[in-house]
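In the two complexes below, chain A is the common chain; its partner is chain B in one and chain C in the other.
Moving on to the complex of A and B:
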């Protein structure tokens, strides 16, 4: 027996102009718009604010969100919400803005510190209306029951999982992807690939999540390279937006695995991009997981567009790993943790903490701290 | 730009015992359980009532639902809800019980006659919590924004489409399918096939609905025959439950076509089974629609398991039509309207009324009353 939940989705060119109307439909009168400087500079906060005005809603802006958003920022965001008398939240941005919006919503409805909600199903009171406008084709947070927030004291990314965190409406406008740099397109796209593969091999995968994961992987494998290649390839942007959405639906309901558990831990300590860490870790984690479900890794190879005729499942799985590595090379992603500035000295502590991340529970192969450390060592250089 | 909405889904063996708890989670205290005699006799109302007791909820039973449920029944159901002081609805049954539960919910929250809500988006006030427990692997109504109710004055099935009609939670337990007769399994399964094909070729189809429609069709094409063949084939039951769910998600968001528009009209006048009418009409409608999107009908053939190598799209589409006919023959469905008791004299009036059904709008080929009449004549014998 399993569950599948998702928000209402509005998808398509120009949908960003619907954000305000969506909030109004949910009963809002004064919206907190959560975003970051990069999104503001790219000009995507304006159409959201304009849509609020057109819907007759008051709007207050909160833009103090960093790349790996923290408990302190979430608390400040919640404070702004309360001080301004807001009754709904629109987040416009990547996973950072959306996860901050969710965390602030959890705080205004439930009080306390965001640390109180770390883990699974600890948010009890329902949240205010949440409308999410993703701008990166990466995090999938616009449809997921996840929020990942840095605990600034423990320097650790907390994974908060709760059905309450599923937004009410996800407004996905592929046009916003045209302002992304190739670098950002690559790193967020590799996050999509990691979501799709980890949720597909997750021990919590179901027929409903498999459908989404497989479609997401096939789309991303085909359209990530052309999307990195050109800002103006509209088809590639639209397909990557759909891949991100479907991968989000998959991992929201099937959870993830060791790559994300380790990536959250590293991202809590070092200012690296989430997608970069995933890109480096993913092939190593796939190698480790291969014996758990070679037949699933064969499907991964197929979905990546590889020819696996006459190969055993094991050999096909190895081809899937090579395929992921080739993709990272093609789009200029970092290939080792060392080149990102990660040092071997951090490995023992990172390994211990990674074991406690909620994503580790659904990894298809049981893993020890020593095995995590071995994977990190292999990923180092 | 398009929308996609679906309820929370709970899927799997034994999930029927969660129905009460689901209602409690939505804030209910006194549930109206809507069902019909056949479902009660099969014993599936009991676990739902028991789950309400276990969740500490009061429960009132309403079982006056007929095969093609009417406005009069819906009004009586709403009356029972109000008289008993209910605050939530669980429907357990096929499309008849679920559509009645939805119609009653619309009435208790919005007043008036159910006729007032015929067409698209006419229900304004939000409905009470709705938990749907389908028992047929057919209607898909447990996840859809549709309710189809007979107007007893006009002797016409009204198609009511509104996002408010999407239930809160669909509880899908494949175990309940073990008590269905082969006859009922066949007719409801052909409804699933019709949902999948009509939503796939609908002019409102989107990448999100295509994913669901294609999976539904592939599953139903493979597992409907074995499901009809044996009550005890658990795998076939589970796959048909999933096919029904996915076809429901597809047509709820992409709407249907001429087969359903005509089937609703005939079903409002004659006491035929909905799936039977669809089964007879579908190949004729496919033939008519073939020129609108032959490449999509090629995919239909592929999903039905046909070999279309070296065939043109048009030829492959013809193979799809043959494949649907073969399936109907194999599982003993009626093949003509005449054998069901339909007379040519009804054709002119049925043709006019069918044109006004909401499902006609998304048919991939424009259609006139004369063309509907020609299709009905061809389907007659």
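Moving on to the complex of A and C:
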């Protein structure tokens, strides 16, 4: 028995101009537009505001969102929503803006502190209309039931899981990817690959999620390099946007694995890019998980374009790991935690906390704190 | 939680995205209930009026509540005379503790709620040992919810809701019932105050109405606004007091805003009349006209004075008679002795002395008889005798005034049952009045005295050709202290006492008069009925 949840999806070039109209259809009158500085500077907030104006909606802008959004920012965002008398939220940006929008929505409908909703199904009242406009082709948050927010007191990323966090409409416009830097394209692209692989090997994977995960992986493996290579490769951008969407649908329903569990924990303590951490951890986690489902890793290798004929599942799996590593090298992603500024001293604590992350539950191989620590040590340099 | 369960949770087979439809339904449901409650509150409060009995209020409440809450019984305990007592219960058949039962024991749930001021939801249990437990069990209640009734900051009683099924109510229900009991307390208090006011008002009204004197409340023009029973009896149709009272005094009281008094006679009755200004916040709002009938009182006064006078005369007459008797006996004896020796020359003189002496003796005897104060006992007697007696006392005065006395007494006059002495008092009064009426007149003066009888009455007519009486005074002449004579001539008692005597004999005393032509007074007395 399984279930597949997803929002309405509008996909295509120029769809960003639909954002306002989407909100209006959901009954909105005054929209809170949640975004960050970078997105504003790139000029993607304007078409959203413009679409709101055209739809006859009032709009209030909230842009104090950081790379790893915190509970404080979410509370401020909810406060702005209430003060301005908003009745819907559009989030424009990467995972941080979208997760902030979701957290704020949870707060305005349920009150309290976002910490109260950490875990699974803790949200009790329905959220206001949520329209998500992703600008990074990575997080998949625009279709997922997750919101990841940093607890500024505990310095930990809280994973909030609820069907109510699945947005109402995801507006995916590949054109917005054109302004992304190569660095950002690379790191978010690696996030897509991590999403695809982890959800594919997840013990909660279903035929429905497998379709999405496999498609996402094949697309990303093929188009990430050209997408990083050129801002103007429209086809590559569109494929990456689709890969991100499908990977999002896959992991939202099949959940993730150890790489994300650890990545969430590190992200709570260090200001690293989520995609970078994933990229470094993924090959090590794949090695660790290989024995759990070698046939699936064989498929991963295949999807990544490796030739696995006459190779055993295990050998094929190892090829998949190599392929991931090669991709990281090719697009200039960091290869070790050390080079990002991670200290070995944090390993014991990170290991303990990572074990409690929701994503750890669906990891195909059972894992202990010591094993997490060993993986982190290996990823360090 | 184990891993598969956790995965189940994460993939969400058992959870769905929350939607506004369910939220809305919940909210609407709550709103509908709240609306219904408000409606109930409204219906209950509107249907209450101050005139309603508490029993009816409870009935109305229970019936209206029925659509939302199934309450089997409403009960009320009220603080009265220093104790919490069982008051009304609806339905009445669902009562166990009798009305008036004191709920003062520590063990009473009602008393607990009353003293704590907090509501109390009690589930009736088998082993309960409360004062009311037996009642609850006997009536088959499962739950009892008690609310304090507070009005103007004071807890005045306890409202009890009892059900035969177990209550399962929420906080909103509590606040609803809290509100309801608040309203209830106010209504009960209002009804109580209203009845108190009504009672004191009706007490005042019945006092006002029962006063035997006439009280009229008027506006400043004398238009009658209210009258009490006595006034309504005397003047049922008058619109204004000006039709039966001279308005001078009334206006004086209105102008000075001070009470004014006068004595007035209306329709043959004498009233002491007072005009009291009615002031409200220093402003004159109306007048109270207070009429006290003093007719009887005046007659009584007159009789007292008159009999006082008679007593004084009697006493004096007795003394005088005693003093005069000896010299008179000597005069008469000596005159009779001398008569034997009289010459032709002296005989007429001596006879005159004897005659005068005898008359003196008669007068003295009559005076004694007239003024004798005896308890008035009635005997069969002749009106003629009374007249003779009176003539003996007054005949001489008439002669002196050169009044021609024409006497025409019916010798066959039937007897009457009466007091001779009192009847002769009437005759004396009438003769003196006739004499006085003639005294100022020129020409021939006449007084006719006549007795006659018909089947039922004997009559005495005393007619003079004197000054007569003005028509507007005819009514007043019988009033005590009314007199047309000068101060030393009259007391104003004669006729009033006479009419009193006439009435006590079952008779009447009437007058006909024409100014300057004369008057006729007629005394009519019922004929003595023969009992043979």
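Assume the second predicted complex is superposed on the first by the 381 of 381 C-alpha atoms of A that agree within 3 Å, B and C clash if a C-alpha of one lies under 4 Å from a C-alpha of the other, contacts with A are read in each partner's own complex, and residues count from 1 in each chain.
In this text, a contact is a pair of C-beta atoms (placed from the backbone, for glycine too) under 8 Å apart; a residue touches a chain by one contact, two chains touch by 3 or more.
Treat the numbers as computed from the prediction; the structure is a model and nothing was measured.
Asker: Once chain A of both complexes is superposed, is A:2 in touch with chain B (first), chain C (second), both, or neither?
Answerer: It touches chain B and chain C both.
Asker: Counting only touches as set out at the top, which of chain B and chain C does A:50 meet: first, second, both, neither?
Answerer: Neither chain B nor chain C is touched by A:50.
Asker: Applying the document's definition of touch, where does A:116 land relative to chain B and chain C: first, second, both, or neither?
Answerer: neither
Asker: May I ask you to decide whether A:145 touches chain B, chain C, both, or neither, giving the answer as first, second, both or neither?
Answerer: A:145 contacts chain C only, not chain B.
Asker: State whether A:127 touches chain B only (first), chain C only (second), both chains, or neither.
Answerer: second
Asker: With both complexes superposed on chain A, which partner does A:12 reach: first (chain B), second (chain C), both or neither?
Answerer: first
Asker: For A:64, using the defined touch cut-off, is the partner it touches chain B, chain C, both, or neither? Pick first, second, both or neither.
Answerer: It touches nothing on chain B or chain C.
Asker: Of the two partner chains, chain B (first) and chain C (second), which one does A:204 touch, if any: first, second, both, or neither?
Answerer: It touches chain C, and chain B stays clear.
Asker: By the touch definition above, which chain A residues appear in both interfaces, chain B in one complex and chain C in the other?
Answerer: 1-3, 5, 163, 206
Asker: If you look only at chain C, which of its residues touch chain A in the complex?
Answerer: Contact set of chain C toward chain A: 3, 6-7, 9-13, 15-20, 22-23.
Asker: Touching chain A in the complex: which residues of chain B?
Answerer: Answer in residue numbers: 1-6, 8-15, 18, 163, 206-208, 211-212, 215, 242, 246.
Asker: Enumerate the contact residues on chain A facing chain C in the complex.
Answerer: 1-3, 5, 120-121, 123-127, 145, 161-164, 166, 203-204, 206, 253-255, 358, 361-362
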